[in-house]
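Next up, some structures in structure tokens.
You will see chain A twice below: alongside chain B first, and alongside chain C after that.
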Partner chain A sequence: MAVFQAALINEIEKLYKKKKIMVAIIISLSVIIIGQLIIVGMRTGFGLRGVGSVEFPILVLSVVVNTILPLFTALVAIDCFSSEFSNNMMRVTLTRPVSRFKIFSAKVTTIVFFILFNLFVLFVFSLLAGFLFNANSATAIGLFKIVISYGVSLIPMIVLALGIILLTNIFKNGTSVFFVSILGFLILKAGAVIFSQYSSLFITSQLDWYNLWLASSFPLNTIVNQLLIMLGYAIMFFTAGYYLFDKKEY
Partner chain B sequence: MKLKKKTVMLISFSLGALLFATTALADMVNKSGYEQLKDGLKVTAEKCSEELDSFTLDLSMEVKNNGETLITSNEVSKFDRSNNAQESFSSQESVYGNDYNSYNYSDDKMRIRWSEDQDTYYVTEFTNERDQSYYNNPFKEEGAEDIERIVDAVVGSLKDHVMVEENSDGGKELSGSLSEMQIPALINAFASFQLKQQFNGRQSNMPHLTQDIFVKEISGKSIINADGIMESMLGTALLSGKDKQGQVHELSFEILVKMSDINNTTVTMPDLTNENVVKEVERPGYGPEITNPEKFQGLFKNDILIEKDGQYVKIGERYINITHIDDSTISGRYYEEYRDDYEQYTEGALDFRFDASFERDGRQASFEYTTETGKTTSGNLYLDEYIGKLNFNINQDSRSMVYDYMFSKVFD
Partner chain C sequence: MNKVIEIKELNKIYQNGRGIMDINLEIYEGDIFGFLGPNGAGKTTAMKIMTGLIAPDSGDVRIFGHSITEEYEQAMAGVGCIIEVAESFPFLSAYENLKQFSRYYPDVDDKRIDEVLELTGMIKFKHEKPKKFSLGMKQRLGLAAAIVSRPKILILDEPLNGLDVEGMIDIRKLILHLAEKERTTFFISSHLIHDVELTCDRIGVIYNGKMLNIDRTDNILQNYATLENYFVSEVERNGRVPSSTNQ
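And then the complex of A and B:
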């Protein structure tokens, strides 16, 4: 366990040094500011309320969960794997007395931490903006629901990250992984519209699954179903990704 | 050791695949609430158009502002598919006062309509028996599938909000509700904007919403019976907004559709003895036909005016003498007469005869005429039975006089 911890700290420090986090924070903030400006414009221009203080974070979540969050996840995942393959950092990492499984797990955990951190930043700032600029509609239950929504959004993001990690282990080049990820994302999104009856099987549709947790009558069946589907995806992606990572020669 | 690792990986991957496959399969087999809702609608539409002999549809709507009723309306329609007959009662009450009560009956041979304010039964008997169906299945129309796909896409992840509850009698209850947090912001904005247009302050007694408008809650409930027919459907929307004084208005919209008396509805023609009855004749397809066009025979006229010193002054009259009229043709003479003081306007005055055939509706006709200078121009006329006047247009050069195209009949 101590070895794993060391590997994890090593990975996190590498990520931290790369300034990607700063960029992620700045872009997340700009999304919140632009969103708030649109809402204020709509309110003064058309007299529509737009959103209340509690709904604003949800609105932000509904946007970022389909745009910048997957984008940054992809970037960080590529950074953790592909860039290391190309600049031979991986060899240095692998010469340490740590098993490949632990290194792989440490990298995955680092990405999970990054997503969590990004969600947390979005949560704090959107909540802040929501309370500063919107009509107060806050209730304890409303706040609780926002926390839940942001929290459960982590799960489909992890599945997505594992999928991208699998891709980074298939293609060596980081740029091609990035484009394949984006293309795949768009195809799955379009597919979910065309084959709407099968949309629950696509990982991209699960990104919105926080909606289920907001439902007035808790749809336990659907939530368990979706959770199992995501779990299935996660196990397959993780195993396949690790298999390729393990087999790779440097 | 190597082999063991591989086995573990294989087992792990298979486990993931199995988990995914079984859940996916269960997902496919179990129809979601949304799919069941769609099926309910489809089955109901199909049964109504092909299977059921008779049924009653009850549609009611209510709009409330802070609990006070603004509008209620109700329509009860009875359908008898075996006799191809239908009757409906509809009524509306509202605070801004265009209340009405009306009744309609129709079958292959006739149509009867009645409204409270006139208290007269208008009976239209069809000269040819018509074969018209009231029960078109909207899901079988062209393009229905595309629309369904678009609706599916728009509904998107909201699908999961439809809950299903099985009833003991084999039917089921579908319900769903969305609070402001769950309604997508775009839909909320669009609905709010529509609402703002609706409550724009032009109607008295209606609240004028100016700011902070939003959709608070939408909910629906539907009961499907054991045969798959949707027996009732209730939709509620709760919207909120403030008026200029900052007072909050909560508007609620409720729509309830109920289907009852399946195969047990009788449509009866109303008893018209001792009632005011006006008879109209209709040929299929072309709207009501004039019962006796001869009533338009005779002289029609209107005034020719000019504007002089800021006043209208009558300088003469235009006449149309309908000498012959029947179901298909009309002929007559058009001429103008000027008062003695305004003889100077006589120049260019028209005087011609015309012959025209009615178009299919038996009311409208176009004709050509030749002026004294030998120029051929066209015109058209229309028998306006509703106001008892003749609408007569000629394409003439514009002159300084004020003309009216409506001609009134001259009575001695």
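And then the complex of A and C:
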């Protein structure tokens, strides 16, 4: 466990020092500010209500889970794996008394922490923006729903990250991984529309699964069903990613 | 003497047909073993297998009795190495780079990091990032990273790459100092035969992926004027055999 902890601290330190987190915070804040300005503009200019304080964070989430969050996740996953492969940096880590499984797990955990952190930043700032501009519509149940929505959004993002990690272990350079990830994302999004009866099987559709948790009659069966599908994807992506990582020669 | 590295029937053939074949080798505690061979002979392949960077087709390497393929963490616990190029993270300072490696060893603290930076002449660049370093400085930092854990074995692939004359002398002194004071065992590959002659007490010659001969440096120098003469003689003698049989 001490070896895994050391590997994890090292990975977090590397991510922090590359200042990717700062960029993620700045862009996340920009999305929130732009979103809130649009709503204020609609309200004052056109007399439309827009969204209330508890609806604004959900609106932000619906935008970011399909845009900047997968984008940042892809960039961080590529940075953790492809960048180190291409610069021979992986040798520096691999020639220490730490198994490849622990290094792989530490990298995956770091990416999960990054997604969690990014969701947390979005949650806090979108909530603050919502309260600042429309405090009178706030309720405890509304707040609870926001927490649940942001919390459960972590799961499909982890599955997506594991899928991108698998790609980083298949393709040699980060640019290929980035473009294949974007292309794959768009194909899956289009596929979910064309083959709507199978859309629940597509990981890109599961990014919006937080909506299930907001339904007035709690769809337990659908939630369990989706959760198991995501778990299946996660196990397959992790296993395949680790297999390729373990077999790689440096 | 204690056997610290045991290489048994090691084979690794790449798709281009090159690689290493049936390498058998034993390294004993306190040895400064020089691994000589021309470019493409298989030195780096053997060293990469020894450090777990690539897997062998067959055979095994045991370090302190632990198999590198099956008990990697235990095998590498007492090993420091530089393979091909001394890499470091360019966005971390020299200190932060060493701190990263030190976390895997419970007894390595900041004092030890300063000590190795001092030993390798890098203390004044402690807070600078390697992206601004020259090749020689990167090599020194790589050496600092290799010795920071007080390893019992150092596996060094071309450790003098990029160093100027002063740097070469410093590193040679450091190797001899560690071998003498801390009984560190060295496994060194170098194309600088004169330097190997001055540093190593046992020599192994590899050619075309096969181990040709292993002997003590003093024995070699009794029969040959220089190590270079011995190396050329070994390579010519063994290298010509297969080509003459093919004709």
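Rule of thumb we're sticking to: the second predicted complex is superposed on the first by the 249 of 250 C-alpha atoms of A that agree within 3 Å, B and C clash if a C-alpha of one lies under 4 Å from a C-alpha of the other, contacts with A are read in each partner's own complex, and residues count from 1 in each chain.
In this text, a residue touches a chain if its C-beta (ideal position, glycine included) is under 8 Å from a C-beta of that chain, and two chains touch if they have at least 3 such contacts.
Quick caveat, the model's predicted, so the values are computed rather than measured.
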Chain A residues touched - chain C or chain B, whichever exceeds: B
Partner chain in contact with A:Ser99 - chain B first, chain C second, else both or neither: second
First, second, both or neither for A:Asn87, with chain B first and chain C second: second
Touching partner for A:Leu220 - first (chain B), second (chain C), both, neither: neither
Contacts of A:Leu231 with chain B and chain C, given as first, second, both or neither: first
Partner chain(s) touched by A:Ala140 [first = chain B, second = chain C, both, neither]: neither
Touching partner for A:Tyr242 - first (chain B), second (chain C), both, neither: first
Touching partner for A:Leu212 - first (chain B), second (chain C), both, neither: first
Those residues of chain A which chain B touches in one complex and chain C touches in the other: none
Of all residues in chain A, those that touch chain C in their complex: 2-3, 6-7, 9-10, 13-14, 17-18, 87-89, 91-92, 94-100, 247, 249-250
Chain B-facing residues of chain A, complex: 42-43, 46-52, 54-55, 58-59, 62, 135, 137, 142, 145, 193-194, 196-198, 200-201, 205, 208-209, 211-212, 214-217, 219, 222, 225, 228-229, 231-240, 242-243, 246
Complex interface listing, chain C residues touching chain A: 48, 51-55, 72-74, 76-77, 79, 81, 83-85, 87-89, 91-92, 96, 100-101, 103-106, 145
Touching residues (chain side chain B, partner chain A) in the complex: 5, 9, 12-13, 15-24, 26-28, 32, 35, 149, 152-153, 156-158, 160-161, 163, 175, 177-182, 184-185, 188-189, 192-193, 196, 209-214, 240-241
